[in-house]
Structure formats: C-alpha cells, structure tokens
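These notes concern the structure reproduced below.
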Amino acid sequence: MSVAIELAYLIASILFVLGMKMMNKTKSARKGNRLSALGMFIAIVATLLQIDAISMVEILACIVVGSAIGLYYANKVEMTKMPEMVAIFNGFGGLASFSVALSDYFLRTEVNMESIELVTVISIIVSVFIGGLTFTGSLVAYLKLNGNISGSPITFKGQHPINLILFLGFLTAAFFTVLDQTDPMLIIILIVIALVLGILTVIPIGGADMPVVISLLNSYSGMAACATGFILNNNVLIVAGSLVGASGIILTQIMCKAMNRSLVNVLLGGFGQTVNEAQADGPSITVKEIGVEETAMLFDGVSSVIVVPGYGMAVAQAQHVIRELMEQCEKRKIDFKFAIHPVAGRMPGHMNVLLAEANISYDKLIEMESINDEFPNTDLVLIVGANDVVNPAARNNPQSPIYGMPILNADKARTVIVCKRSMGKGYAGVENELFGYPNCLMLFGDAKQTITKVVSEMKEM
Amino acid sequence: MKIGVLKETKTGEKRVALSPDVIKQLIKKEFSVAVEQGAGTGSNFSDEDYKEAGAVVGSIQDVFASDVLLKVNLFSKEEVAQMQNGSACMSIMYAYNYPEILDEMNKKSIMSFSMDAVPRISRAQKMDCLSSQANLAGYKSVILGANYLEKIFPLMMTASGTITPAKVLIFGAGVAGLQAVATAKRLGAVVEVSDVRPETKEQVESLGGRFLTVEGADEVKVEGGYASEVSAEFLQKQKELIQSKIKDSDLVITTALVMGKKSPILVTEEMVKSMKKGAVIVDMAVESGGNCEISEKDQIVQKYGVTIIGESNLPSLLSTNASQLYATNISTLLLHLATKDGFNLDREEEITKGVLITYEGQVVHEFTNKILNK
Amino acid sequence: MSSEALIILIYILVLASFLGFELIAKVPPTLHTPLMSGSNAISGITIVGALLACNEMGYTTISKWLGMVALVLATINVVGGYTVTDRMLKMFKKK
Amino acid sequence: MKIGVLKETKTGEKRVALSPDVIKQLIKKEFSVAVEQGAGTGSNFSDEDYKEAGAVVGSIQDVFASDVLLKVNLFSKEEVAQMQNGSACMSIMYAYNYPEILDEMNKKSIMSFSMDAVPRISRAQKMDCLSSQANLAGYKSVILGANYLEKIFPLMMTASGTITPAKVLIFGAGVAGLQAVATAKRLGAVVEVSDVRPETKEQVESLGGRFLTVEGADEVKVEGGYASEVSAEFLQKQKELIQSKIKDSDLVITTALVMGKKSPILVTEEMVKSMKKGAVIVDMAVESGGNCEISEKDQIVQKYGVTIIGESNLPSLLSTNASQLYATNISTLLLHLATKDGFNLDREEEITKGVLITYEGQVVHEFTNKILNK
Amino acid sequence: MSVAIELAYLIASILFVLGMKMMNKTKSARKGNRLSALGMFIAIVATLLQIDAISMVEILACIVVGSAIGLYYANKVEMTKMPEMVAIFNGFGGLASFSVALSDYFLRTEVNMESIELVTVISIIVSVFIGGLTFTGSLVAYLKLNGNISGSPITFKGQHPINLILFLGFLTAAFFTVLDQTDPMLIIILIVIALVLGILTVIPIGGADMPVVISLLNSYSGMAACATGFILNNNVLIVAGSLVGASGIILTQIMCKAMNRSLVNVLLGGFGQTVNEAQADGPSITVKEIGVEETAMLFDGVSSVIVVPGYGMAVAQAQHVIRELMEQCEKRKIDFKFAIHPVAGRMPGHMNVLLAEANISYDKLIEMESINDEFPNTDLVLIVGANDVVNPAARNNPQSPIYGMPILNADKARTVIVCKRSMGKGYAGVENELFGYPNCLMLFGDAKQTITKVVSEMKEM
Amino acid sequence: MSSEALIILIYILVLASFLGFELIAKVPPTLHTPLMSGSNAISGITIVGALLACNEMGYTTISKWLGMVALVLATINVVGGYTVTDRMLKMFKKK
C-alpha cells in the first residue's frame, strides 16, 4: 500500500471527524455532511487506484448499479419515510461488512488455503455477527415502519431465553471456528445465528421505539465496519467504523433520554411495551400525536399563530412559558395572538389574570367574537389545556350538553396542536371530536413541561 | 315588542337593568325600549346616553306601558300594581322568598322570569347573572377589605424595614371566592382558601392560592354546581382548621352559600375574638344570614378590634360594570324567550322552564313550588 | 499481523471511539435523525473493504462474488445515505 | 436617656412615633421609653404590647418628663409649653411653615429635629420618613381610588361581555407615584404617567407603566432628588398633553410636589369637566395646595360627576405599617444623634446639620431660615 | 518492547483521556486528576521494567530527588502562588523534553555515530525548539509573577523584527542541521535561539496576561513531548503530548475569550496591551469578562446561588427569565435565593413587585440582614443590574458618597458574576471596585437577553 | 522508521489532537487553572523519554547526563504538577 494512499485515508478520516463535528449544529450540519461525503469520495478513489485493471469493469459496474439504486430511492422517498430509508440503508451497510468478512474468509481458506491469524479470525467472526445481525434487524425495523409487518410489538413466551441460547450457541460455534478455521459448517451456523438473532431482537419492539433501535443498529454497523478494518488491517475502516460505533451509542443514549427510556433496556432488547394508550372511554377517537421537536419545527415554519388557553394552562401554570413561546415567535416575525374564550378556565376572567401576570400585553388578547373569523386564515392554532371551549360538538351535536354554547373555531385553522396531558375530558365531561380531526395533532404532556421543551427547541434553531 | 326599564328603588342600589350599549343591539333587532328618567345615573349612564342609543327616556308611566319590564331587583308590590294585566317582567327574584309578590303577579296574570334561576348549563352562561355579579363582588370584596385594612397587601423590603405580606383567608371558592383569590394574589397577599368541594383545590391553586384541605371532604354532595349542605362532622373539622388559621389572618372573606338555605356560620364570635387587632372580615353571605356570627347586614361592625363588613350588595358598588354585565345577561335571556313580535315560549325547553316563575296566574316553577309548599 | 501493529490499531480504535463519544455529546433533538443518517453513510466505509475484496483474480471464486454483492450494497449505503441526509438537512435552511 | 412618645393630637391621625418592636431594640441599647396611654391604639398597638416591649406606659405628664419627645406630627403650642426647658423633640415639622412654634421652642431653649429635613443621601435612607410614608401613600392612593371607582381595574373577558381595563393617569413619579404605578399595574390597570424629570421615564417603564413625554422636558432642574420649579412653557405643553389624556382616564392620581412651594395645578376645573362620569381623582398634593384646582383638603368632593378625594393624610390610613416604618426612621435618626447618655451632636456632620432646626434658642437650620427670612 | 509494556502505555493513554475529560466538571475534576496520575504511574512503572539493572541506581536517585523537590514545593506553595508554580513546573517539563531530544541526538551522533532518519532529525529540532522556548518562557513568566522582574510589560523598539530574524535564523540552522546532522555548532545555535526566543516573546507581556501565556506554554510543552515521542517512536508520548498540546490551545483560546483578547494576538506573542480599558473615567478598573456559556457551566457546577437583583433587572424586565434560571437551578438541586437590598431599584419594594409578578415565592426573598452572613459560604452570586447596593466602597471608602450605607456582602462569595450592560455607574454615580475583584466576573449585556441565553445553555446541559 | 509506521503515528497524533480539542471545548473559568496545571502534569510524560535516555551504558556520555537532568526535571514536573493540581481541586469539594 503506497504512502499516498495511506495519506488519502488519513485525510478521509480527518474529514469524517470534522464532518461529524459539524453535524452537531443546525447551521453547519449540511456542510458537515458534505465534508464527510468528500472524505468518503477520497477514500474510494484512493482505493480504486490500487485496483487491478482486470477487476475494474465489474467493480465500476457494481458501483454504478449501487449508486443508481441509492440515488433513486434517496430522492424518491417522502420526507415522512426517512426513518425507514435510514433503516434499510443501514441494513445494507451491515450486510456489506458481513459479505466482505465472508469474502475474506473464503479467500483465505478456500482460495489461498492458508491458515488465518487469530486476530483476523476473531475479527471475521465479529464482523459476521454484527453485520448479519444489523442486516436482519434493520430489515425488520424497515418492514415495521413501512407497515409490512405490524408495528406493535410481537412478543412470545421465552423470548429472552431463546435469544440467550442462540447467543451462547454462537459463542460456541465461534470458539470452534477459531480452533478449526476451515470448517464451512461452522461458518454457516455462525451466519444463521447472526441473521436469526437480528430478527428476534427487533421483532418484539414497538413502532414508537424504532428510531432508537435504528440508531443502535447504526452504531452496530459502524462496529462491523471497524471489525472489517481489523480483518483488512485498514486504518480508515477502523477510524470511521469506531467513530460511528461510538457516536451511535451516544446518540442512542440521547434519544433514549429524550423518550424517557433507559439504554440498558434498549441494549437488552427487552423494550417494546407500548407507549401511552389513550385512556378514553366511550367512542374512542383515533388521534395523531406530535412530538416536541416537530412542534418546534412547525412553529418555525408558520407565519401566524393563535394560542387558545384553557383551564389546563392555569393548572399547569404555563402562562410564563407561553410568553416565552410568544417571544420566540415574535423574533421570527410570526403573527401571534391569544383567543380568549369567555368561559375558559373556572372563573370569569381566569385567563386574563394569568396572562396579565405573565406580562402579556392586553392588545394580544382577542375576544371570541373578534377572532373567530380569523381562524380559517391562521396557519397554526395551539390549544393549551382547553377542551370544552373548542369542542365542535357545541356547534354540531344537538345531543351534547354543551350544544349551543358559542365556541372558538379553532378547528378551522390549517393546523391545530392540542397540548394536554391525556385524552381526559373537560369540565362538561364530554368527548371532543376535534382531537380526531385530520388537521389536529395531539401534544401530550403537562402544558408547562412540554411547552418549555418546545421553546428550548426553538431557541436552538 | 316594547321593553321597559325601571329605575331601581332599593336603597343603595346603583345598578340598572339595561345599558345604552345593549339597548343599541336590541333596537337593531327592532325592539323598542323605554327607560325611566335617571335610571342609569347610579351606573354613570346619563339619560342622553340612553337617548343616543335609541331608547325613549320617559316618565315612570311611559315605562309601565311596556310589554316586558326589566329590573335588577325584584318588583315591589306597588310596582306590580302599576303593571298592565298580562304583561311580563324579569329581574333577580329569589322568588321562593317572596310568595306575596308572586300572588300579586298571579292576580294580574303577569308572566315573570327570574334571572337567578337560569340553569347553570354551558349554553346559558351568557345569561347567568349570578356568575357575572358574584365575579364583580369577589373583586370588590378584596378592594373593600384592603381599603379598611390598616396594612398593605404585598411584601415590601424597604430601607425602613420589611413589611410582611397580608394574609387573606377566603371561605368558599365559587365564582366570587375565586375572583377574590385572584385579586388578593395580584395585590401581593398570601391567600388561603377553604371550601367543601374538593375539586376547588386545583382551581384555587391554579390562581396561586393555597387550599386548606379538611379531611372527610369527599362526603360533600354537589348538585348542579352548588354545594348542598354538608355533614356536621365536616363542619366541625373545618372549624378546627379555621380556628388555627384565622388568628394570623389580616383579611377574611366569606362567600360560602348553600342554595335556598341559610348560609353556614363559619366564623364564630369566639374566632373573631381570637383575631389580630385591626383585622377585617368581609362577609359576602350576609344577605342569606352571613357566614360570620356577628356580621350585620349593610353595617360595618367594629368589635374586638376587628372590622366586620356586612355589605350585602357588593356588585352595586361597581355599578358601571355590574350594569353592563347584567344588561348582557338579561337581554340574552330576553332574546332567547322572545322576538320583536313578543314572547315565544317553548315551555319544555330547559332554560325557559328554569326561569319561568309565574305564568297565566300560576306559580309554575318547580323549585319555587317545592320551597313554598314545604 | 505483528502484535505491535495490532496494538497500534487498537490505539487508533480507542482514540477514534473516544472521539466519537465526545463529538456527539450534545446534539439538538432535531438533528437526531439526520445525524443518524449521516453517520450511517460513514459506516458505509466498508465500501473500501468491498472494493479490495472484489480485487481478486478469476471469476468463479465465492470471495469475489461476495465482494461484488458487498460493493453494491455498500455503494447503496454510501450514496443513498449521503443523499438522504442532505435532503433532510436542506429543510433546516432558514427561510 | 429617657425617650417619650406622645399620643398624636391631630384629627384623623392614627399613627404613633414608636412601635413596640422598635422600643425593644432601644431598650436593648439601654434607653428608657415612656409611652402615653393609648398612643398606639390607632395603629393597633395596645398598651400591653408596649409594656411587653419594655416601655413604661404612663400619663401624659410622665411622658413630658423625658429627655427627648417623639411624635409624628409637629408639636402644638400647648405641648411645647409642657416640655421641660432644654429638652429635645423630634417629629415631622415642616418647620418653615410654623415660625410661631419655633419661637416657643426657642424661648424654652428646646432642641428640635425635623424628620422631613433628613438629607436624601444614601446612608440616611433608613431615616427617610418622607420616602417611607410616601411609599405607603402611593399604595393607598390606588386602593382608595379603586374603592371609589364604580369600575374594576383589570381587563376581564367573561361570558357576559368584556370589561375593558381601567385607565389610570398618574402625575409625578416620585416615591409615591412609582408605588402607585406598581399597585395599579398589579391590579391590572393601564397606567400612564407624567413627570417633569426625564429620568423617571425609565423608572416608570421598569414597572410596566407608560410614560407621557412632554417636549422640552430636559429643561427641568433637579435639586437633591426634588424637582425644582419648571418653566411656564413646559407646564403649558404638559397641560395640552394631559388634556387629551385625562378625558379617557378612570382614575387620576396626582403626586407632584415642589419642595417648599405651593404645588403646581395640573388638573384644572376645565379638565375635570371633560372627564368621564364616575371617574375618580386622588390628589395627594392637597396638603400643599393640591394638584387639582377643585380638590379640597380632607374632603371628598363630587363635582361634574367626578369624585375628587383630598385626603391629606394617606399614610395614617395604613397606620399599622406607617407607624412601623416611621418608628424605624425616627429611632435610627435618634441613634445617629444620641447614645444612652444623651445627645452627642457633631454639628458639622451632614445629617445632623440637615435635621437640627432649633438649638440653644436659635433657629439654626439654613433652609428654614432662608424661607422664613424671605 | 514487549506487548505488555505497549499495553500498559495504551492503558496509560486511556487514563489520560478519561482524566482530562473528568477535569471538565467541578464535581469530577479531582478524580480526573488522580486518574491521570494513575496513568502516569503505570507508564513510568512499565518503562522502568525495561531499564537495565546497571542504570537503575542513578535512575532511582534522580526520581527520588525530583519527587522530593516536586512534593516539597507543591505542598509548600501558598494558594495564591499557584500560577507561578504551574509556570515553573511547566518550564521544567519543557526543559526535560529538550534534554531528552538532545540526549537522543548525542547518543546517535556522538556515541553510536550513526546517521539519523529525516523524521527523527526534524523531531529532534522541533523538540529542542519548543522545549527550549517553553523553558525560558515559563521561567520569565515565573519571575514576573513572583515579582523578581517587573510584572508590567517590558517593551523595546524592534521587538517583532528581532523575533522574526531569530526565527528565520533558527529555520536556516535547522535546514543545515538536516543536511549535516553531525555539526555540534549548528545544534548550539539552535539551542541558543530557542532559549532566547522564549525570553523575548514573554518579556513584553504584562502580568495580567500571564495566565494566558502559561496556558499557551503548557500547550507547547505538550507539543514538545509529542515531538519527543516521534523521536523515540513511542505512542504514549505522542498521545499524551498531543492531548495536552491540543487541549492547551483550546484552553488558551477560552481564557483569551474570557479576557476579551484574540488568540492570534497571543500566538503572535504581540499581546501585552492591558485588557479592555474600562470606559470609566477616574481610576479605571481592570475587569475579567465571562461569556454566556461559561456562566451556564459555572451554574452547572455549584451548589449554592444567591441572586442580587437591582434596578437593571427592572429596566431589562428580566424577572421572568430569572425565574426560569431558578427553575433550572432547582432542577439541579442547587440552593437558590434572592438577596433583596432594601433600596434596590428606584422605589421601596421595587424588587418585591417584580419578583412577585414573576411568581417567585416570598420565602425565596431574603432580607439584607439575614443573608449577609451567608455570602461567604455561597459558591456563586449573580448580580443582575445592581450596582450601588453591592459597592464595597460603602464599607471601605469614607470619601464615597455612599459610605455608611449598608450593602449586600456579595463580594464575599466564592465567585461573583455581574450582569450589566457596560461599566456604567449606578444611581449614586460612583465607581464600583467590586467589578475588579479577583473573584468577580463581568457578564456584559442586557440582563434579560444574556440571562435568557444562559438559561437556554443550561437547558442543553 | 518505515513510512507506514510514520503514518500510523500521525494517525495517532491527529486523533489525539482532535480528542484534546473536543475534551476541553467547554470548561468553567474556575477550572481553568487546575486544568492547566493538570494537563501540565500530563505533559510530564516526557519522563518516559527521560527514563529511556538514562538507560545507556557507561557513565561519561553527554547523552546520559542529559537524560539524568531530564529525568530530575520531568519528575519534578510530574510529581509537583499532580500534587499542586490535587491541592487546588480539594478546594472545590462540595461542602
């Protein structure tokens, strides 16, 4: 290997590090990604320079095919399908490492008939294990997210013991492989166990936890690349692989924290209990949830916002953080108003008292009659702990006990986000069909806590 | 349809049934309105204001010649006497307390509607004058108390020493009580609240007040938003809790009502004796007997160094706002019951059923009958 | 591989891992998905291994076929990964 | 050294010069204190409280037999007559207004110290009773105004309609004015302020008030924190600005004083006429002539539908707190001037020089002499 | 070199990394230092195992002597003399690298008479240059701080040209050394220039900038160790040296920022002009600045905080964001109080009104008399737009117009951060010497804006 | 040294430097001096070099003398550095 190529690898490694560093900040993330792509390009070109002319045709053909597929899907996929895409790409990465490891194994044992060094054998086994597991795991994650198989956790008795037995089986087979490197049977056992374990560890996990799983599998695929680096004695593989492996673990941890799950839980593969069953009785409404980050992004993209405060704002004492939200919006030149329903809260003027306390100037507070016509032209309505006062049943359903009460036409806005703790009912004790409307998204959680998070997300943008 | 607005006759009453703004809206809906001369003076609405709004300002006779008469307080015997046979009238009646007036009305076959009987359902909130007036009363009780208190409300750390915040103790977290909490809190006081309904805890806390939890509070029954009578055991426990709290209080505001009953005694003479010199009690339940044993209706009593304010008509002290809100309430109810061509009653409808007291010479109101026939 | 060479590789592994930990210490949640996707693309570095695996004489060996499969997959991972990441990050552009 | 505390004699005065808490501290420093019977009643300090604190509660004669006499208001001729020759006294004197009392004091060679003359320097802040009392007065002016107003302060959006917030217009952003801003703001009013000193703009805004800027305001001279008289041109411009604002105001509070001069007329009769019916004016400058043309001292005037409150002694309405703070002020000054063994004056020292009015039969106070000899 | 020893070096390297990481947080710093000491111990023991028995006696003697000196001075020195101590130790480190490099040079040229590889020659030259410069530079810094030579900048005409000429001279001599490795004259020239440059670059720098200089020299001594590692082909030297070299540069940059100086300025050695002339008239005060991030980090590391609000808080309307700060602190279980001076603001009770508006409960507000004794035991005081009420002149300076006014003893706290817009004076119009105190850091900017930033930094931690 | 060996050393240099940068990205000012002192002690790693330099036969070579000087100095740096740092950090202990 010439010095020039080694230097190229060094530069590629440096670019990966820099790129990853820049991906940390919204502002520089795109540039960071491009830097790391540049590093990859350099590494590939440097490698190609070592290639014999004979293999060149097939190699280029493979590259063209791979690039075409990659480009096609990457550009075609909808934004909402990003996680699936990442999952499947990641699976391919794992499978590639797996294949390279096997390729090297067969090259040494079958073609060259040489005996392999201990380190290399171990590296091959590791690469096969992690790569294979990553592949099938990612595939399952992809299918789950894509809806091809049920997103809900698929569990069965004895899951954990079976996984453990398989893993021990793998270790045993690995041990014998080290002793007798040439037995293809052993290798096949290793391969099968790795692939099966990938399926078994991901299948019991629910759809909501998938992002965490994908992040973890991503880390694994880095480790697989790293192991491959040890097989081939190649620095850039080791550097890039271990960068991804380590950062993936950290990222997984961060994501777990954001979802309030423990990493141990995830690492054991034992997670998957479903998240927030809406505890509504009666005709249950199917709602769409939204997270804090997406809420922040939504706010970042609109030009007019109306906040509808209700009794929940008072209970949560969220008025102060709503003022901060207002400040963030006004910084972005977003038109920001409050729609005050005359009976919001539990006493006349309840909202007025609290919003005055938060120093929100009177001219931001608009009465129901004046603001009701504005909703259809509003990009985003945030309902904070209000329920009855925005319940369309008051207009539509003569059976409802609140029928005839004038309400805020929040449902008429382009998008409605409802911030409340659960599917709990309001004072009048009636179901609110608004929550199931197609333009309505539920942001579950205590109003103060969630909006605080939204605001700090916005500050970072 | 002609609407007549009489001047209030009760002493100290400064409110009026309709405001010029509301009259404008009625006129738009093709009602005609007659207002007695000087009816709005107490609420700072001049006769000119009414004329501008489109009302006819005239003598009392002109007003009596209306299809429906509006007032804040119940009509007196004399007023009923001057009404046309078969005409209608609306006001806060508390009908079950005044069977003799109902008799007079029935004699003349007058249709009467009581504002205090509006059912507390969601769609009737705009007609609910008990809420609107209680809300103002809650605010006023604090202002009045603050004005009589020889201390300030907020904590103040100054070069000349630190003034500790006033302690305000409020009984009853209904509409008035909650507004009192909010107002006292705004002014910087430390506010504590006692109520029998456990769900008020969260409401009080949402306004920054502290709730005094009495054990056994879950036994209290609540009917249609009103507290029904509570167990003796509860009252005893509540009393003990209060006894320990009231000693340190600077201002005590009592709002505890039980509908159709005498209000419970929450502050005994004994307790008043234990209070700090200079403390103030505002008894908002004084009209129905008072929550304080020694409060006197429409009197300011000074006893044991404590000032006990028994103002029974707090909303009237905020006459301008009180009249505005009352006018909205009464006109909304009127529009619910009538068009420009006259009344149009659906006697099965919940609100109509709730407010109609006398009809074609009969007392037709269930609750009133229940009380009267007891 | 000499044990010294191995130790040096381990040095590199350890340092790079530490670096990976440190680099991702603080990421705003909005960047979680792009970052995951971006680092996934980097893990496609195994493409270098695939290229080397392909570089074997003769056609029929299983090694070579595996190498070519690996190459196609790794290329998809690399090209697709970077492109998808770039698309995601484009959305963050300030209006 | 024996300190005597007299009961106040001025009508309506409920304050007292020393509070039990402060007496405790003086006793610790080995002073002895005599308090006239019932002196603290108006401030809710009982004779028992004083006794507990270590004071001797006695007859007026006992008290006059002290080395130094303390009061809130100036001593009357009769009181001076009862003082021992060569003794000392301290109170709020406004000495330049009462040369005859000074003469009496000089005749008896009484050393007098005036609390209102404490220089407004940083280290004298603890003795500054003008600040401490003005501060309370500022709070009280709002409470009083709110109590007389037939409207509520805050914006309230209710089922029965929206009540717009009260508009409060405040003249003068001194200590009292700023506290009035803070209190009105707390209650939810919209507050506007006019002052001649431009630096008050920032101060008003720091409390959430709106400052009405008059052009030409930079010409105002400020001496030692007090506004000196301002140009006629400025006053004219200010008047025009006010005229446009006052029409919409619900509550007007005037606090504009110019030290040692009659206060400026800011609200003319004409302006009062232009105001809304039911509006309220609290004239805090009424003692020195009033900022409102038609306010009357210690009277509540109803004119043109406007209520004009001319209460000259607002701090006394908050007697408990006012006495607490005043007691701290006067005792701090006393401790600055004397030890338990008697007075110990350094006549060159700034504070001593500032407060000493009569000394060994002479009026020695510069400013007082300047005014008296004019 | 045996594998065991190499492994020991690897472990030592890992311990250095971990140790340094832990030194980042107040809580773990001490443990971090011990971890890194453990790493050093392992490295030393591993090396000793390679030593021939013959040399052992002298080596142990040297170690004992060195340890005794190091221990003696490290324990004897007063806390206030720490920077000097660090400077001189650092100088010794530089000199050690310098000596090792020379030793190796002479070993190869004089003793073994072999020719040296290019990489090694360059490494030796770099090591000699940086090591020598670090030594004399640190020595000058030590002498300056110790008062042996004047702390004020010693400048003369043509300083920069002379330095440049010397540097070019060094490069020339280095070039010839590479060509002819055996000429001792060239080596002596190199040595002399390195030593002289060390003196010349540090002598013109003022005492206040010394910490920055020492930090930079510290980074240099790391680089020297790293170069020595290249000479000896030793990984642990390279890892530890480059860790210190890189982190030292960053630390220098952070310190520069805190002092409002640019790193370029420092790197050129052209610094020394006194720090931000406070735009005060009269006796000007030299202050230390602190940035938003460091403030947030400080908050993250303390266990008790007192906030002193003043008129500036009212002007900025910062009360709401201070409540957020309080919430952040309470989340971290930090004891958080407000010290209310009786005349803070512009009216009696000014602070009370505002803090009540921000919903801060009364029991957090402590009167001056009660809290004044608590300051000495408080980790951090944040002064928000207060000035006169914390001015120690009221205690110390009988000439001051505020002399005799009781003040809050904020200056007694371990660290004080003052948040205000500028060096502007307060109501009384007097200079505040507190701002120049050694434990005082200025956080310039509008109170609301800066504290908002601090809070969002804290939220991210 | 082979150029490959050199490149590997450079890898280590680069990674360690990056790591150094990342590790110290954010330090509270109170830790500036201890951190400086602590990392100064680490730079005393040159003691390893000094030990190796001392490990030469014979007494008279200048190399050896230089090595011994280096050893004494480096030991001072290491021992003194760590001790001083520890003393400083003791003050930060939570009470």
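For this structure, a couple of remarks:
By written order: A, B, C, D, E and F. Residues from 1 in each chain.
Criterion: a residue touches a chain if its C-beta (ideal position, glycine included) is under 8 Å from a C-beta of that chain, and two chains touch if they have at least 3 such contacts.
If you're wondering where the values come from, they're calculated on a predicted model, not measured in any experiment.
Shared contact partners of chain C and chain D, listed by label: A, E.
When chain centres are defined as mean Cα coordinates, C lies farthest from chain D.
Interface chain A/chain E: over half of the residue numbers present appear on both copies, so the contact uses mostly the same residues. The chain pair A-D and the chain pair A-C differ in C-beta contact count, and the higher one is A-C. In this assembly, the C-alpha centroid of chain C lies 38 Å from the C-alpha centroid of chain E. Distance between chain centres (mean CA atoms), chain D to chain E: 55 Å.
Residue positions 125-126, 131-132, 135, 154, 156, 158-161, 163, 186, 188 of chain B each touch two or more of the other chains. The set of chain E residues touching two or more other chains comprises 13, 17, 21, 235, 239, 317, 342-343, 348-349, 353, 356-357, 359, 460.
Under the contact definition stated at the top, the residues of chain F that touch 2 or more other chains are 8, 11-12, 15-16, 18-19, 22-23. In this structure, the chains touch in the following pairs: A-B, A-C, A-D, A-E, A-F, B-D, B-E, C-E, C-F, D-E, E-F.
Across the interface of their complex, chain C is touched by residues 13, 16-17, 19-21, 23-26, 29-30, 32-34, 36-37, 40, 43-44, 47-48, 50-52, 54-55, 58-59, 62-63, 65-67, 69-71, 73-75, 77, 79, 82-83, 85-86, 89-90, 92-93, 95-100, 102-104, 106-107, 110-111, 117, 119-120, 211, 214-215, 218, 221-222, 224-226, 228-251, 254-255, 258, 292-293, 296-297, 301, 457, 460-461 of chain A.
The part of chain F that touches chain C in the complex is made up of residues 8, 11-12, 15-16, 18-19, 22-23. On the side of chain B, the complex with chain E involves touching residues 154-163, 165, 188, 190, 208.
Those residues of chain D that touch chain E in the complex are listed here as 121-123, 125-126, 131-132, 135, 138, 175, 178-179, 182, 186, 202-203, 205-207. Note for the complex: chain C touches chain E at residues 3-4, 7-8, 10-11, 14-15, 18, 22, 26, 28.
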